[in-house]
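To start, the structure under review is shown below, and the notes come after it.
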Amino acid sequence: MFMDIKTIKSQFPIFKNKINGKSLIYLDNANSSQKPKCVIDRISKFYSKEFSNIGRSVHSLAVTATNRFEETRDLMKEYINAKSREEIIFTKNATEAINLVASTFGEKFINSGDEILITELEHHANYVPWHFLRKKKGAIIKFAKCNDKGEVNVDEIKKLITNKTKIISITHLSNVTGYIMPIKEIVDLASEKKIPVLVDGCQGAPHLEIDMQKLGCDFYAISCHKMYGPTGVGVLYAKKKWLDVLPPYQGGGGMIEEVKKDSITFPGSPTKYEAGTLQTAEVVGFSESIRFIKDVGIKKIMQHEKEILEYGLEQIKKNNTVRIIGDPKNRGSIISFTIKGIHPHDIATILDEDGVAIRAGHHCCQILHEKMGIAASARASLGIYNTKEDIDVLSSSIKKCNKVFNT
Amino acid sequence: MDIKELYQEIVLDHGKNPRNKKKCHGFNKDAKGHNPLCGDKVHVFVKLDKEKKVEDISFEGEGCAISMASASIMTETIKGKEFNVAKKILENFLNMLKEGSKMSINSLTEDENTTMMSLSGVKRFPMRVKCATLAWHTFIHAAEGKEETAVTE
Amino acid sequence: MFMDIKTIKSQFPIFKNKINGKSLIYLDNANSSQKPKCVIDRISKFYSKEFSNIGRSVHSLAVTATNRFEETRDLMKEYINAKSREEIIFTKNATEAINLVASTFGEKFINSGDEILITELEHHANYVPWHFLRKKKGAIIKFAKCNDKGEVNVDEIKKLITNKTKIISITHLSNVTGYIMPIKEIVDLASEKKIPVLVDGCQGAPHLEIDMQKLGCDFYAISCHKMYGPTGVGVLYAKKKWLDVLPPYQGGGGMIEEVKKDSITFPGSPTKYEAGTLQTAEVVGFSESIRFIKDVGIKKIMQHEKEILEYGLEQIKKNNTVRIIGDPKNRGSIISFTIKGIHPHDIATILDEDGVAIRAGHHCCQILHEKMGIAASARASLGIYNTKEDIDVLSSSIKKCNKVFNT
Amino acid sequence: MDIKELYQEIVLDHGKNPRNKKKCHGFNKDAKGHNPLCGDKVHVFVKLDKEKKVEDISFEGEGCAISMASASIMTETIKGKEFNVAKKILENFLNMLKEGSKMSINSLTEDENTTMMSLSGVKRFPMRVKCATLAWHTFIHAAEGKEETAVTE
């Protein structure tokens, strides 16, 4: 089914609203994306007609709810081409997914002096959990260098690998420079030395074609709310061989096998990792996000976003007060920038007056910003509903910044 | 449909007075099964001879009427049959529970067929299918010498 | 505003549906409660008109969303009478709230040989996290005994307290026997010895008047989805003095102060404990649950549920094949029971044919079930929308079980 | 309303050319302030005399135009005033930002009043109120000798 962008955009109720009297130009997608009507309605319907806690009761509502919930797991398994549904674990967000790995993998496999290899591009979500481990276990974190273009070359990673390296944890697509990491190459490199690779797929999953069996990574963390899905849900993909040996993470109802006063046994994955009442409605709602993405087609999303990105870069580069952060060859739909003499927060405020929503700050990447010699930047990040007209408004709003600040 | 179709007389009878609920003499294979959702538990004991014929089979455990009846019916049905035949019966049984087809395997006597068919009501109760299949999966685990507890998921 | 139960019940869309052709009689509230229309609509409205990631962007949508989110924190603070809004932390569920405490308190204060005091009534959510600590730190878990009535007397707790006791972690209201713990007394006892008390308030918060300053406990875990709220949200209340000294739990964006390659600093609570993108829509939706409860009035909820509970106990006791699990004097709206010769799962299936949704199993309380000499029980648990007619259907459905099984 | 009401000439001027942006000579109090959302940072230095008069005040830091202008304006306004008067001015300023009232304190000269009022546009931008108040809170921290970093939340 072919859909033009206007039709697609019309499925997002948020765009019917005015922001400061203007049409909303939403360019904060790397932060969180808007939700199509099908997702919103699915959640309402679930609460209105099908709600029950899942997996724990035998009554009809519980059976239906459980099936709907588990259906999302199947859809996700298929969407990312995991080998089995047991490899899909629902978490609260991608941050929790990475914490889960750092905590359980760390507990079992990381000792004093062991090395964790990350990059200077990482989001705090893919650094702070490893930092905890560093403190707890006396491990060492090594940062693969990023160059001026905002790229981390495979060589930079290669040269940091030692026989102390226990895990490599890297972003799929930088949420600041847009750089797309050559995951496959890194995985190949790592698997020679039997080092597992965790991929922070927060920006990968919504914008790239992802296939776990092709990528070959051991762990992949996903943020469903950036995939046109509900808040409160993340996904951890993990190879079954890891889930079979790693300890449980949070303890509670639903993740146990047998509980006695002196001992407790646990079932296999994913049950072992899903403690307590889950985000039932949100996971059910997320099934519609996956369907939505499949209906539009990830290839089409990629192609469309590429077109808008290129147009955006072209337009913004025309303004010589603007500095674009990074210039990676292989780039996803993110443009971070600064304007000479204007602080990013002031940019964001001025743009907001025109209905243009962007993000200003360090985007949870302080290491990278420091490296780039700046404290903050403005960031425009694209979604399927963005158009060239959005870019035009963005460009003219940037000019307005110049005018307000006389730069 | 009436709830009586699930709890047919034969099922209730096997549920209340399960056959072969003991450790059978001279078993050489055994395995435990567990349904974590309900807490149903079975322990299946099998005496396989050299030709992989089920010389004797029994079980211990506790659980709902469906799981106990199913275990009881299984032991009655399988005893004396080849392992491969038992596996075919299980396949047939699973099809019946999932797709609502009839038991159609000719290695069953008419009586055995009727008894197995008494569990057919389960198919309308998806949450209970696991109760009905737990003992069977556990039997396969035992016969194939798998180490882990059989878990219905 | 006075509302009769019919009016209240009419606010829950789920009751418009038929279950197996019958009206739904929902008696699985201890598991999760149904949601009123105002909550469902609030979520839809949030996604349709106000959605943005919170706290991280300066644009208008983000400002509104942040305000809506933080408003819930204020409402909750007020509802449970916490001293300050910093004491309210949003988690994924109550299980996570308890894990957060066990993990951070354990890391800082629990060493080999130290004792954790819980009871035989505890839900797995209030045992498994302590079990992890037992394994990690070599701590000891002591179980205060529960008597035949399903009560844990204060004396049973008192006699287990030693100068090795580092924390007391107890349920407010047993999700099996309905027993209401004398929290205040236990807190008084504990504070003499300066031992902090964690209360698992999953069943307390929806059914009792709760006032943190009156209860005086150090930690209180809440499950919002049992309070007519969305799934995916829990609340941890914690006294500020603890939050000031405990380490962070999960690491990621939004919970940091300054991130450098060799060190990271963290802000105060609640920020320190809220890593990554939060359950924005769910927390916003939960504000309507609190408003709903306040509108109905917790006193009215308590009075109504007591009336139905007493009627229920009376009716069910008439059937002499039924054994009710526990008979506590001070009891919340929960009736767990077994029927002679009929397994709880069979009961649940037969009841479900009549549209009656109850739970069968060990209700995540294996220790207690073992103590009571049973592997499982059936449980009817009440909510504000239940009526005497519901109990009548329940009773006659139980009789049907007798008939089907000829008992 | 025009965005120019937020970025008035006085604000832009103070933002671009902040006054007293240095470590002032002989300071005896200082404190750091931080707005974790934006990353705005200030470090305020104060020389308080025995009568708690602000003999000198200055700041270092980086951040948006609003936070820098506000810090600059603060140092100009407060220098030479009693700590208690400074606190009153802050109160008045906060009221102006939150409730939109006018600056109404008579310890300010007309010029000082005009300068303070140039920040009044902030009230329509709730997310920016913290930028405008960070330096002030940090000053209070410094003067009162608090240990922790001032954090706007």
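As written, the chain order gives the labels A, B, C and D, with residue 1 at the start of each chain.
Here, a residue touches a chain if its C-beta (ideal position, glycine included) is under 8 Å from a C-beta of that chain, and two chains touch if they have at least 3 such contacts.
Source: prediction; values computed, not measured.
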Quick one: which chains contact chain A and chain B both? C
Of the chain pairs C-D and B-C, which one is connected by the greater count of C-beta contacts? B-C
Which chain is most remote from chain C in terms of Cα centres? D
Calculate how many whole Å lie between the centre of chain A and the centre of chain C, each centre taken as the average of the chain's C-alpha atoms. 31
Just how far, in Å, is the C-alpha centre of chain D from the one of chain C? 46
For chain A versus chain D, what separation do you get between their C-alpha means, in angstrom? 38
Counting only residues that touch at least 2 other chains, which ones in chain C make the list? 56, 58, 62, 256, 258, 345, 349, 360-361
Identify all positions of chain B at which a residue touches two or more other chains, and write them in rising order. 37-38, 127-128
Residue ranges of chain C touching chain D (in the complex, touch as defined): 55-56, 58, 62-63, 66-67, 256-258, 267-268, 271
In the complex, the residues of chain D that touch chain A are 3-4, 6-7, 12, 16, 37-40, 62-66, 125, 127-128, 131
Contact footprint of chain A on chain C as seen in their complex: 13-14, 16-17, 19-20, 24, 26, 28, 31-32, 34-35, 37, 39-41, 43-44, 47-49, 51-53, 56-62, 92-96, 98-99, 102, 123-125, 127-129, 131-132, 141, 143, 223, 225, 230-234, 248, 250-256, 258-261, 264, 275-282, 345, 348-349, 351-352, 356-361, 364, 366-367, 370
Per the touch rule, the chain C residues reaching chain B in their complex are 341-346, 349-350, 353, 360-362, 375-376, 400, 404-406
Which of the residues in chain D end up touching chain C in this complex? 34, 36-38, 126-128, 149, 151, 153
